[in-house]
Structures are given as structure tokens and as C-alpha cells.
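Shared chain: chain A. Partners: chain B in the first complex, chain C in the second.
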Partner chain A sequence: MSGVAPAQRFVGQSVRRVEDRRILTGRGRYIDDMQLPKMLHAVFVRSSVAHGRIVSVDVDAARSMPGVVAVLTALELEGQAYPLSIQPDVPNVERPVFTALASDKVRYVGDPIAVVVAEGRYAAEDARDAIVVDYDPLEAVASIEHAENPERPNLFDDIPSNLLYSEHREFGDVEAAFEGARVVKLTMRPQRVAHVPMECRGGIADYNSGSGDLIYYATTQSPHGLKLGLSGVLAQPAEQVRVITPDVGGAFGQKAGLQREDVALCVASRMLGRPVKWVEDRVENMTSASHARSEILEISAAVDDDGTIRGLDVTMRLDVGAYPVLPFPPSFLGPIVRTMMTGPYHIPALRWANTVYATNKASYGTYRGPWAIETLAREALVDRIARELGLDPLDVRRRNVYTVEEQPTEMVTGPTIEGIRASEALERAAELAGERDFRAAQAKAREEGRLIGLGYSSYIEPAPGPPNLFPSMESGLPPERAYARLEIDGHLTVTTAQAPHGQGHETTLAQVAATEMGIPLEHVRVIHGDTQLTPFSVIGTGGSRAATMASGAALLATRSVKEKVLEIAGHIMEISPSDLEIVDATVRPKGDPAGGMPLANVAGAAYFAAPPGEDAGLRSSSVMHEPPGGWSGGTHACQVEIDPQTGVVEITRYLVVEDCGELINPAIVEGQIRGGIAQGVGIALLENALYDEEANFLAGTFMDYLVPTVMEVPRIEIEHLEGDALHEVNYRGVGEGGTIAAPPAVLNAVADALGGVPITTLPMTPERVLELIDG
Partner chain B sequence: MKLENSFSVPASPQQTWDLLNDVPRVVPNMPGARLDEVLEENVFKATMDVKLGPMALQFAADVRREVADEGSMTTTLAVKARETKNRGGATATIESVLEAEGTGTRVTIVTDLHMHGAVAQYGRGVVPEVAGQMVSRFAENLAASLA
Partner chain C sequence: MSVEVTLTVNGVQRSATVEPRRTLADFLREDLELTGTHLGCEHGVCGACTVTVNGASARSCLMLAVQANGADVTTIEGLLEADGSFGVLQQACADSHAFQCGFCTPGFLMAATELLAENPKPTEDDVREAISGNLCRCTGYESIVTAVMLAAERGA
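Entry: the complex of A and B
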């Protein structure tokens, strides 16, 4: 794109988001906005007990209530949908088999038992209250410790224990690393957290009994993945399943994959021959949709006296709740955490053990930066090493961080480290944080009885990661596809496999395509979220793939259309296509601003009279494969002041130095960073999806589950480093870094303010901070 | 959760025992409670209205008298209650013991309560206090019945 005139270079500009006019004027279209003719409304009856056998479900009274069309239980779903389980080809993993609606047992508070379908939502809710479920309670498995206890009952009768998966791996020479080394130990046990999308889950199933076609309007991140799942579970041919994703109000990983409610709604519509809508309410979302985190990570680090980390011995125990989120196997998280464990540091040895358990809790769903536990634990560990060795935490980072000179190299776990600016980001963050002045101010504050602290966290983010990242995790990621089509008026339609829900892809992909095509930004429309129109991607939006992969695919597809245009224009203008360029929607000989013809005329000519060698219609389909590099990363620095009387933590300064390559749209990049940090601050200080010892869920409302507001989220200073490009597509994802890096930055700052106390769990609520102060 | 409450009534243990084990007579003394059906000698259905903070709850309860030992003046009730708007429920084992205290009787009630669903979430903090209030009103009503 180097030949593009600056005026047309939309890439790099904070242009206004294309989608905002629609969303901010109330013309967005979410599931709850949609009304289909003859549409019915569904609500779910959910378990109020964590673990129990279902003795009976009495639906008779509900079925005869006014407006009620049907009440479906597991019994009615039999023969309509296959039982659910994870993808079959994953070795050494227990595969729980279950049904969309609980049949014999309930396994967590919120487990769906029946679905009431009525003419209106009120009628459906009233009928729900008339359904009587009789349970025979079982002892609850409310924690990993419970799951490890053979005295506790098993969740699944056909699985011999509540252990679903275990793995042991070694990378490098761990024994040699620990021989004669000092050992620093740390345990990190963060809380469970909820994703809290602004829009809860929901969907409208619309089965046409005449055609046999099923359309499912879904609030999902992965329309094709959902289509694939529905097609299989419902025995509905793929060409007769269409998933349409309207505007989606956030997901953060919660709306990936196939949800049990999706299956129940589609069966209901297929049985009743009418559209069936379900919109989840907030309590239902907090209770029944997925949660994340709450791993227990124990690390022993072998270190030299100068702070060099020689090796890590890590054990992770993971609680995945009751049911796997389909199609992800319970083993899916371990390889990501394991592979990322050494982060931006050249640590030459890693021993890894991972066990995964079923418990009577909501499902574990991937949450923004799913591997975050390694960043949290490792960055807390770095500070702990410094504390125990009497070193400066920055110096321990300096001693271990990848330098530019040693790249390319490989992590001990496999992925290539190339093009990362970790050491530069670290130095710049320390400089901006005023490290030296801060330490003087901190000493003075202590004398006055004030507690202030400064903490850092360094991270790398696979966004999307180098080509050998996924092989290192024994999995693979499909390439990303896009279509481009020049319209008859010379405008461009780009069709992406992404399913945006706040990321601004309608804008960023248009910026890339408009710049490549040489047309105004307003001439580009980005289409997404309809499996009948969009290219296949089992993921959709997730895994920080859009910046590189979707932008790359859009770029290549646009370029391919542009080549066709120049071919046709060359034919019309009798000039070699290689001597033509497109500037501001005009095809012209290079360097001859007056000699061109409007792009619309070329398009029209192609549509009405295909020139020789060209098909009618200027369209293309392109595939983007992972380029080298692929890492985002940087360092966050956080300053806090703690009120010693109340224990309240105030973040007084927060700064980010990061590298995500070239910025397509700086405002969107910074929005992603800020949003991620807001969630990270929530994790660090506020949020807690708490269960009691009997696995009752205690955080179903925003009275109990505190999310950060503008009062808690600090002003965030951001500085971008742009490393050397390893590939033409030098844009990388930035969605997850904020969420993974903020909790350890805040934790290290709080620990620093409190004189280096070990902090092993989150959130750091005022009560907990007071306990830390009191020792 | 375990709740322990006790109170005194101005009647002999025998009089108190007779009242406490006369289910149709005793139930109306419990605030918010009414007896719906006597299924067998020791099996009952009851409804109970309870306010937990801002939440007005109604429980449909199956009550089984598992122990009624006049010798030791001990009664054990097993209760399984369902909130009628699907907001969860509770199971409880309620053990009461009567002891002579001067001319009156000391009643000690030990409740092993397990709540589930929304009831557990919202009720957690307030249940011990609400239970205490209910028991003291129950005691006043009993005293009035025995007077």
C-alpha cells in the first residue's frame, strides 16, 4: 500500500466508527428488537439446587394456562435433538454426555430443565412459576477440593470421578534448572468472574415447516460454528440451517460455541412451526451463562541470585463447572496457559502439570484473554522473586525479558518469538512512570502514614500469534477468508467471516479495503454475520484474529478485485494494467490525474458487457494465512494509593506502553485497550462470581457482583511502539492484552504499597486489603 | 446453616408438649404459616409466607414428624419447602426439646437449614435475624395460647 496517496490512506486514522451512527441513534438491531410474524416467546425453568436428581417435573398446570403454547422438557426433546458432547477426536479427555434440558439430574444452579413457550413473555413467565420441580438433593461439589475428594458424588454417572483431564509435560531440562538454584514459590488463586456482556444471551429460532429451512437469529460470536453445531445436533442438513447474527451487545467469549438454550429453542420452533424467541435476563445471565478464571496455579521458580529465572515448575488445577461449553473439550485451556507460561521472558525450562475438574457450577467459558492466569501468576512471581532476593522488580524483568537482539528465537514451549519489543516497552514504561522519583515520594509518603505503590506487568499476547503457536498447543487454527465485490456503481462490498460485537470491524476493515482500492471510505460496506453470505470460520470473532487475519483477508480480496478492475480498465483504455492506478475512485494512468475514467464506469462496463477474459461481476474470495510474528505485547504500570483506614484502593495513575504493529484506527485500538483494562481493574478490585460451600450462587445481581464504573476506572495513558514490520499485514490484535495485564499490574502495585505482602487471590476488596494491612 | 433459638413459656412441659404436637392447633401460632393438609398422622402440607428483606416469599412445605419422643420431650421435624415462584427452596431438620424451668418450660429449637436458589442468595445475610424474630413471635403466640 506504499504507493497510495496520503489523502486516501484511511489506515492509521481515527475515522469515526461506521457502526456508531446506527447504534447511537437507536437504530441498531439486537435480538430483542426483532419481531417476526407469529413469533412466540420462551422462558426457561432452571434448577434452584446445585446438585440433585430430578424426581418429577409437574408441567400440567402450566400447560393449561392462558397463552401457553407448549412446555418442553428433556422428554419432549428426545428424538428431536441428539445428546450433546464435546468434539470426539480429543484424546485422554472425559466426555460428559448431556442433554439440552436436564433429564435425570441437575448439576448447577441455573441448569435448564424445561422451556415454556407462550404467546407473550408475561404468559410464559407466569406459567414458569406454575411448574413444580421436585428434587432429591445430592451433596454438592462446590470447589476443586470437593472435586478431588472421592467421598463427594460424581457429577456424571458414566465418568468414574470428577477429574476430567490431566496432563504432565516437560520442556527443556527442568532438573538441571533446579539443581543448586534458589527456589521461589507462589500460589495464585483468583476468583471466578462473569463476562457481563451488556446484552445478555438470546436467540430467535424460525423453522419453516414448508421448506424445512431453519433460520436461527443468534447473539453469537461464531455464526458458522453455531450453524455447524445446530446442524449436527438437530440432524438438520447444513444447507437448511442459516444463522444470522444481528447487532451483538458484547460477548467477551461468553457467546462462542453452541449453547444448550440454542438447541431447545430450535427444537421448539421445529415442533411448533412458529418463530420462538428467548431473551435472557440479567439474573439468568449471571447465574446460568458461563463464568471464567478461578484456576489454582502453584509455581516454583528456580532462580539465580541475580534474578535470572532458570526454570519453572507449574501446577494448574482448573474448575470447569458442570457442563463443557460446546464444542470445547475440558482440556482446552491448559495448552494455552502452558504455551504462554513463560511470557516475554527467556525461561529455558518448564515443568507443567494440569488437572481439570467438574464441579456444580456454571460452565467455564473462555473470557477475554483466557490464558490470563499465567500473566497474573508470573508477574506476581517476578515481584516475589525480587522481594525474596532483595532486587528491584524492574531489574528482574530486565534480566529475563527478550531483547530485540536475540530475536528470532523460540519459547521453550515452541512458538517463535519474533518482532516483539518487550524490553523497549519495559524501559519506556519505567521511564514514563517516573520510577526513581516515585520511590522517593513513596518513602516520604510512608513517613506520613500514607500507603502508595507502583507495580508493573509485562506480557505478550498472541494476536493471532506466529504460525507455530497453535501446533505448539497441539491444535490448529483455520485460515481466515473474505470476499470482496465491486458493485455496479464502483462501490465495494467486503464480506468478512468476523462476527463483530463491539470491535468496530465495519470501520477497520473498510479502512483497509478503501485504502487498498483507492476509493473513499464511504464507498465501502462491510457485511458480516449471516452464514448464507459470509465465508466459513468456525471461530468467527475471537482469539484476537481480526486485526491480522480478517484485515489481511479483506486486503487480499480487495486487491484481487482491484487487479480485475485494472485488467478491464486497461482493456477499455488500451493501456497496460500495470500502468494504471486508482485514486479517489478514478482509474487513471499513473501520474496523469486528468486522464482517468470513473471507477463506476469501469464497473458498469464489466457488469453489462463482460470484456474478454473476465467474468461478469467483479468479485473475489481470498484466504489469509498466519504471517510471521503475530505478537502484541508491552508493559503496564499502575500506581495506587490505599486508604489505611478503609482499605480502599485508588488507582492514581495507569499507563500502558504497547506494540500491536501498525494501528488501523488509533481510537479503536485505544478503546480496546481501555475496555480491557476496565475489565482487568474489575477483576483486580471488585468482581466475584461467588458460590457458597453448597454451590449456591451468591452473585446474581449487580448488588452482589460489582462491575467497575467510571469511578473506579482510571484515566489511562497509552503509548504505542510500532516495531519493524515482518509482513505486509502489520496489524495485530489488541483486545485481550488489557484484561490480562491489568490485574497483575494492580496486584503488584497494591503489594508494593503494603511493603511487599504476598497477595494470592483476587479481588482486593477493602475487607481483604485491611486483612493484608493487619498481616 | 445452623440456627439455635430458645424461649420460655408459662406452662408445664406436658401442657407445652401437648400443644406443640397438636399440629392443627400449633401451626397458626407460627407467623405466616397455615396448615393445608394432614396426609397422615405425621405427614403434613403447609404454606408459609416469609419476608426476607424486600422479598416476599411463599413456601409450599412438606413436613414430616420423624421423632416425637414424649419421654425425652424431643420432637424432630423434617421440612422440604419450595418457593412457589420458583425462587428456590429449603430443606430443614428442626429439633425441639422441652425442659422444665421453674413453673414454666424452656423450649430449645435447633434448625439445620439448607437453602437453595435465589432464596439462598438473597436470604443468606438476613435469615438468622428473621428466624429469630419469627421464633420470638411464635413464642408469644404460644404463651397466649397456653394462658
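Entry: the complex of A and C
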């Protein structure tokens, strides 16, 4: 042994989370934990009807109630905030214009009409109950079918119908694909679901009437995007808007973008010159925050008798609710779904049609794996093809899935497929699931009157996707920036554009930076969530960007600081920087564990007496552009047993074989996978953000909207494959795969248990399963 | 109308004058500034607001502060050892990566605290049963179950 200690490598280890010290002791600071001097409390008055004209809003009694400071309606907001709309440069899309508080019309149950600001929340809620809104009701647009019906009223008077967007595209030779082929058809219509972060939305607007500065403390996953939106809508110069994100209790896409309540709160603070806090309650969150899914997808597949899929003809109809969540235009989802439609399969032709409608429902908000409908419908389709052709679903997957040998190649929709292990994951999942033994057990169970089933789903997840993914969707993937700064004591501060809310970025980015810098993990602090400090990113945390993009940016910024350190150390030690290394916070000649000087001494020297020509500040700013590859993916396998008497589905086994490149922190990766699957299980079996035919919302509480508990989520077995690295930054996201792949895995398992019955909607509640059993 | 309440919170006697309608959760969070207890639904389902009252877990969103008059209440802030280090359950949670966003965390810790006090050697089914009234949206629960089992093994 040479006695040379290797530089400590934190990447790849399940190191304990930095965040846990405060989270496990009750010292986290979430929005509702913050109290500012002279702070007021706001509550919103919301529409009780789905669609109607506002005749009057009587706020007089409320304004004179004890503790009430102000009641603002759309009238008071006039001249204080511009009306809201999507960016003017989005092509071919209708552009609803609306106000933060509903002015002439209400368009869904929960539409904000007024905001009551009082000395305390109890006083504000008392006053809210004294406000009387008189409506002239309009017929509701409660479904896509209603929206397509010209007899129904339009939501927006200046838009000629409730159709907001339509698109037709063709990739490959669709006509040739269908010529002489067998056609297998499937319609998939999943339910509306809600994101349900355990912390609801909220914010504190703090406008200083002396300086004219606005600080907005917000539960957001996109602080810079929110700042940008607020600055524009409030006509508040960008340098006088600062968004600060405290600890955020989950988001899953719901806390992205500019919310109408954000605008109303900031106006209230600016008018009153005092901080104004709003924290929504759960009923408000379920009713008003946003929902997702509920697309109607119709597929015709051209197939050969051996199960080869020659082409797809797909129509998607999407209900985006009443108001777009800015900055997302109503057209944003279609291109993602169509681009991902063929998934991990080599399918050479796709015809695509997409229509998007406004309805009297809560806004459609991007939810974990927004394109999930393609995974759900396509994986159900694969099983349907097998059923109709008398083939094994695994064989149909085998016949169509990308093999390692054919890569790199391109999806028919454009993106490069490179470095994915779809074929290997499929085989391994089948092996682990004990496919052959299971089929014997299933036959035996059936004789005993027991219903057991095994289903698979294969998927790929852009995490963040290859460089040509976003151009394929006619959009761009913004680069990701990070700053690194060596502190005077030799510790490192990394500033990220991410806005984490459970993903553990304070830990994973520190692992990457500490490994690169050659310092202990405890010497790194990760800063996030303050637009005054952090680099710009319109997205923040979303789109599975952190693993590759934020880690890459942190790596590059740290490396750049390290180069500066070695330069200065080389000058001090009179040795070439290329002959130096940093190990355990000591700068030393390579391979000389006894030599060198503490990193803190180099930092101190740089701060107080930088060598001539050297930059005194040991700071760097770096940009990460997307590397090749960029896919996570794999296969899920799910076993279920169905009680034929009650219709209850029990998941008896669940396993995942996936590839997300190198794992920065295996425990965090597996937490993302398991958490994503839990949400997918909820979508498959429990959750339903249900509206009735008059667009009344029926799922406002946790008694009506069932979130999976520990009793419904099984233990999840995970096996990681790790393909060849295409780039130095070989970490990829895993946040969305669980949520997109679990619903079809469960659906296929239930269908299998029931002898291959077509299942075209979710959730598969006991009642619904009994209907399926009864045929 | 206001009412005087006196109770013990995390071993410290506290007195305050509150409106009768004030919830125990708001009293703890706002009047006593113990913000570790969280409000996730305010209708008694999610369990984030769980505290222990005289050793038994209770939903502080459904309980009024006046109902806790004279009681001994423990919140997540009361779980640290005297020297400021993690308690056994907290350490097991850190070691197991039990939580992600941290919002549901206080409720799970208090529910598990009650379980381990009553049943120091729980089976996995016991653990699942004990935390079945708490919702977590991030983790899929497996890491939480693992952490509570680990805490039991270590003699929490």
C-alpha cells in the first residue's frame, strides 16, 4: 500500500440528508411558519357556482367587521394589475384574458372573487362569511363533450368557441403502415386527479412603500418564473421584485407558474403597505389549486400478426379547465404527449390530432409526468394487441422495444434514442416477476375461484431528454446555471437555480460538489430559492432537470473554482497547478499525503492578499447544456389479487427495473421512485377529482378524494441497471417515471386478473371492478 | 370572550388567554410559536397536526386549546434529547431517509412515538397500522416503515 488516501467520493453513497436536521426536529420553515411584523392575513371569497355572470358582490358588511382592514374585488385591482394572459408569441392558440379576481364572470367552482384582509385569519374568515355574491347562472360546460357542443355557452366572450387549440401532425408513412395491416383500437379516458402536496399553496407579500421593493415569500417550485410573472403583471421593475422560497411541503407541478392569488396578495400589500399572508386550506386547495390528466386518447394501431406495431393513429382531446396556469399555454401538453407517444418502442409511423378545450373546472396544472397519458394508453394498447392477436404481452413488447444494437436511432417524432436499456429492463423484470411460475399459479388460483394477475409497463422518461427532444416539441430546454464560491475558511457555497421541495438537492448537489472539490461533505452548503441570490431559471425545479442539469452546473462551477484555487496555491507553493490536488480539504502535490497546505489557508490568502493578476474572489458561474442520452426508463411489473366478492384490488407484489445512469444518492433515487409509484397507485385505484354534470366539484376533502395510505402502497422492489455513460454527467432524473409507469402496470395486472377485460378508465375502485367482473 | 388555559407543552408549563374556538394547532403554532406541528387538511384526515396529549396521539386541528387545559402535550419540538441530539426515532428516520419534503413529518413522528411507547417491539403490520392515519405524498411510506422498525430495533 502506498498510504495515499484516495479523494473521498460522496457520489454514489446514500449519505444522510442535510435537510433532515431541521425537518426531523420541527425547525423547518414553511410559509405558514413565518410571521412578519405588522403582518395581515388574507382569505379568498370563491365562487359557489360553476358558470355565471356576477350581478353584485356585497362587501359592505364585511368591511366594517372587527379586525378587517380591507376587502378587495376586481374593481380595486383595476389599475393595480394588468389582466392576465399567455405570452403573445405562442402560435395558433386562443388566448383567454382574465383578471386575478373574477370581474364579470365566474368560470368554475372556486373562482376567486374577492380577498378579505384582516388582522388575523379567524377575523378574515368571519368577514368572508358576511360577503354576499349574487350570480346570474349560465349553463355549465362540465366535460369535453359539453365543450364541443355549440349549444353550450362559451367561457370567454371574445373567443368564438370553447376550442382553444387544435393540431394535426404526421410522422413517417402512416398510410403505408395501415395498408393491409390489422387494426387494434383502444380508447383511454383517465379521471381528473389532483396533485395534493401535503402543504397547500400560500404566500406572504411584503411591499415596502418607502423603497418600493416587493418581497414575495412563496410556496413555489419556480421562483424566477414567478418573479418574472409578477413583475410584468404588477408593472413592478424586475430589480424591485424578489421572490423568496422557504421550505416547501411538496408541489408535484402544482406550485409552478404564476397563480392568480399571488397577484391579488401582492396588490393588497402594495395598497396597504403591510405584509399580507395567505395560506389556503385543504378544501380550497382541492377545489381551486389545479388538477391534471383526464385526457381522452383514442388510438388505432396498425399491427402485423406477429405483434409488430407498424404505426399509430392517435387523437387526444384535452380539458384544461377554465383558466390557463401562466405561463403555460393551452397548447403546451400536446407536443409533449405526441413526441413521447411511441415511448421505448420502434414504431415508424404516427398520425396525431389534438384538440384542447376550456371547461368550467379548475385549471389544468402540470402534474408529475405530464405526458403520462401516452404511457398509460400505449401500455394498455400493447396488452390489448397481445390479447387480440393471441400473443404474450411480453412477446409484443420484445418485438417492438428498442434494442441496444439499434441505438443510436431516432424516434419517429424526432428525439434521439441513445443509451437506453429498454430491452434488458424488460427481460430482467419478467425474470424477477417469475413470469413462468406465475402463470402456473394463476391457472391454479383460477380453479380455486381466486383472481390474480400480473401486468407490465415499459416506459422512457426524458430526464431531461436528449438535446433534440425540445426542438422536436417546438420548444427549447433552457440551460441550467449554478454559482460556486469558496468561503474564507475553505468551505464551499453552491448556489443552484433549483427550488427543491423534498428532492434533497441540498444533499445531492453537495455530494457532487464535495467530491469534485475534494472536501468533506459537511463543508458544502447549497443555497436555493431566493431570486436575489440564485441564477435565473424560468423552470426552477421541474421537468426532471436537477439530476443532470443542476448537478452538471454545480460540478462545472465547482471545478472552475477549484482551478482558481490550484492556480493560487501553485503560486504560493511555487509548484505547477497541474501537479497539485485537493484531498480532504488539503491542497498538496499529487501523491504526497504529507505535503501541502490546508485549503482554508489558500482561501484566506486569496481573500486577503490575492497573488498579482489573480481574481481575489474565488467565485464561478457555470452553465450546463444538455448532454447526449438524457433518458431514464425501464419496466415495472405488478401483481394483484382481486377479491371477487368486494372488488377490492390488492397489490401483492411490485417491482421496478430501471436505468437512470449513475446514482448520486441511491436512497434519494429510490425515494423518488417509490413516491412516484405511490402516486401512480393512487391514480390507478383511488383518486378522483370528480365533477358532476353541472360542474359542481365533489371531491373537496380527504374523505372524498382518497390519497393512498400506507395500507395501499406495497413494498416496492427496485433493481438498477446502469448503462454505458455517454457523458461525464451521467446522472438522470427519476421523479416522474414512477407516476407515469405505475397506472398502466396496475391496470394491466387488473385486466390480466379479470381474463383480459378491456379497462378504459380509472380509478379501478371496488365498485368499478365489480362491474368489470360482472361484464 | 376569552378563556384562560394552562397546560404543559414539551415539559414546560404554559398559560395563555385564548378564544374558546381557537384550535390547539393554532394555539401551539401561533401563540406558542411551536411551528413544527403542521396543518395539512384541517379536517382530521391527513394527520400532519398529530401531537400527543397525555401520551395519546391527537389531531390538534380538531381539538380546541381549551380542551387541552391541564394536559401534558408533546410536539415534534419535544423529541430531541436533552443535549440537542436526535432522539432514537429521529436518528432512525435520518438513517433510513424516511422523509422528503418534511411537511407530514411531525405527524408521523408523533404517531410513531405513541406506538413505540406502547409497543416497543412492533411487527411491520403493527407499524403500518399505527401510521395508517397519516398521509405522506412524497415517499410511498416504505422508508417511514423501515425507520420505525429500525427505531424499535434500537430500543426507542
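Note that the second predicted complex is superposed on the first by the 768 of 775 C-alpha atoms of A that agree within 3 Å, B and C clash if a C-alpha of one lies under 4 Å from a C-alpha of the other, contacts with A are read in each partner's own complex, and residues count from 1 in each chain.
By our rule, a residue touches a chain if its C-beta (ideal position, glycine included) is under 8 Å from a C-beta of that chain, and two chains touch if they have at least 3 such contacts.
Keep in mind the model is a prediction, meaning the values are calculated, not measured.
Overlaying the two complexes via chain A leaves chain B and chain C side by side, clear of any clash.
In the superposition on chain A, A:662 makes contact with neither chain B nor chain C.
Of the two partners, chain B and chain C, it is C that touches more residues of chain A.
In the superposition on chain A, A:17 makes contact with chain C only, while chain B stays out of contact range. Using the contact criterion defined above for the overlaid structures, shared-chain residue A:392 touches neither chain B nor chain C, since it reaches no partner. With both structures placed on the common chain, the touch criterion links A:49 to chain B but leaves chain C unconnected. When the two complexes are laid over each other on chain A, the CA centres of chain B and chain C sit 70 degrees apart as seen from the CA centre of chain A, to the nearest 10.
Once the two complexes are overlaid on the shared chain, A:692 sits against chain B while remaining clear of chain C.
Once both complexes are placed on a shared chain A, the shortest Cα to Cα gap between chain B and chain C comes to 13 Å. On chain A, the surface touched by chain B in one complex and the surface touched by chain C in the other have residues 283 in common.
Of all residues in chain A, those touching chain B in their complex are 45, 47-50, 109, 128-129, 131-132, 134, 137, 283, 692, 694, 696-700, 704. Touching chain A in their complex are the following residues of chain B: 82-89, 91, 114-121, 124.
Residue ranges on chain C touching chain A, taken from their complex, read 19, 21-22, 29-30, 33-43, 45-46, 48, 75-77, 79-80, 86, 90, 93-97, 99-106, 109, 128, 131-145.
The touching residues of chain A, counted against chain C in their complex, run 14, 16-17, 19-30, 32-33, 35, 122, 196-200, 247-250, 252, 281-283, 501-504, 667-668, 671, 674-679, 701-703, 707, 709-711, 713, 715-716.
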